[in-house]
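We just call them A, B, C, D and E in the order they show up, numbering each chain from 1.
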Amino acid sequence: MKFAKVIGNIVCTQKDERAEGWKMLLVQPLGPNFEPKGEPMVAVDAVGAGDDEMVLICSGSSSRQTSVTKDKPCDLVIMGIIDTIEREGEVVFRKFETEGFK
Amino acid sequence: MKFAKVIGNIVCTQKDERAEGWKMLLVQPLGPNFEPKGEPMVAVDAVGAGDDEMVLICSGSSSRQTSVTKDKPCDLVIMGIIDTIEREGEVVFRKFETEGFK
Amino acid sequence: MKFAKVIGNIVCTQKDERAEGWKMLLVQPLGPNFEPKGEPMVAVDAVGAGDDEMVLICSGSSSRQTSVTKDKPCDLVIMGIIDTIEREGEVVFRKFETEGFK
Amino acid sequence: MKFAKVIGNIVCTQKDERAEGWKMLLVQPLGPNFEPKGEPMVAVDAVGAGDDEMVLICSGSSSRQTSVTKDKPCDLVIMGIIDTIEREGEVVFRKFETEGFK
Amino acid sequence: MKFAKVIGNIVCTQKDERAEGWKMLLVQPLGPNFEPKGEPMVAVDAVGAGDDEMVLICSGSSSRQTSVTKDKPCDLVIMGIIDTIEREGEVVFRKFETEGFK
């Protein structure tokens, strides 16, 4: 899984029927120091994520292993919201406390 | 899912029999500011997309989860047409209004 | 699916038994203007492609959705031969006519 | 499979129900000489790995082929801990002995 | 499938139980002229490959379509040993004869 920040959302009226009811969020993949890196993508939200949260995104066929995405045309899902990240013995991210994130 | 712009179409007379009847569109993947980025690819259209529309493309095995691509040799499908993209609280794309797109 | 040009072929006497009988072609992925880009790869031919043809390659699990690759250790298949590519209203590739291709 | 070093761990209280009970480790992919390369990612631990160990990570649908990840939204799993790596006839990594690793 | 050279092997005592009995080889992906390119990876050997051989590697779910990798946490398999590569009408690689390979 990779780290991303929720930065917005998208609306698609015209879509495959199996995609009905999805909450589709705009997510920004993050680099080594949790800075934005690469293009924003669209992920289906399976956990109730919101703007400015650091989330875990799961891609490929594995993204279909949640109850909201099963057997659906989804290749990216938000399957977790990060509380803390510990790296080399130090907490480098903490929800509500790390600048730039909620 | 990723963002792409429909920029054309292709014709293949000689193709795998399971690909019969597909509408195959030429799509241009988009970068952070919705500018063209990377090579054009070919996606099967599952939603009735047209030239100059901003669409959502779904790749890999997940692209076979629509009624037109099921069990077929397809690794990229258009599964949604974007109406609006909201980013950091602002609408940054709106169908029919954003320059360069229809 | 992506664009590639058939540039040769390979021979493997010693291979997994499920790969017996394959025609394995050397394909060169193409960039934005159909110039060579990236490393040549090996694709199983499912459509009778030949040297110097512009083809569509399908990757991953989707490459196993043809009759010659089903349930086999194949991650890249040629599933179409391009006749024409229309881009922004103009035909930018036409079989037998575009220079460098057959 | 690719090489990575375990550099930390993450905590997610809010996550997909199928991800309950996972030990989620922060792993750093490694370059040609086993130096850090690319963004840290999150892998599910299937083998009891610990900080500073060199591990093998398996991605995509194959990452779901362990008893802890089966049918779950996981796209990266640690499926082995490296003892030795032999390259061009020389041992270039040995657990407990190579600097920077445990 | 992609080209790689076998450059060594690895030992993992502690590994997922489904990975027992695998011969795990260190493989170096190759660039346009069969020079080393990118990071070495670990592939399961399904064909009896040895050091300095040019092999075909198959990735993703397709790598599980051999008898030694079926239903196992494997995302890269060696499924063929190259005898010859013909490119634009010329043989550019021949086993036992091309320098740098066996």
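Here is the rule we go by: contacts are C-beta pairs under 8 Å (C-beta built on N, C-alpha and C of every residue); 3 or more make two chains touch, one makes a residue touch a chain.
Quantities reported herein were computed from a predicted structural model and do not represent experimental measurements.
Novice: Which chains make contact with subunit A and with subunit B at once?
Specialist: Chains in contact with subunit A as well as subunit B: not a single one.
Novice: Please compute the C-alpha centroid of subunit A, do the same for subunit E, then give the distance between them in whole Å.
Specialist: Taking the average C-alpha coordinate of subunit A and of subunit E, the gap between them is 34 Å.
Novice: Could you give the separation in Å between the centres of subunit A and subunit D, each centre being the mean of its C-alpha atoms?
Specialist: Distance between chain centres, rounded to whole Å: 21 Å.
Novice: Among the residues of subunit A, pick out those that touch two or more other chains and give their numbers.
Specialist: If we look for residues of subunit A contacting two or more partner chains, we find 60-61, 63.
Novice: How would you write out the ring of chains in order, opening with subunit C and then subunit E?
Specialist: C, E, D, A, B
Novice: List the residues on subunit A that touch subunit B in their complex, please.
Specialist: 7-19, 24, 26, 39-43, 51, 60-61, 63-64, 71-76
Novice: Sort out for me which residues of subunit E touch subunit C in the complex.
Specialist: 1-3, 29-32, 37, 46-48, 56, 58-63, 65-67, 77, 79-89, 92
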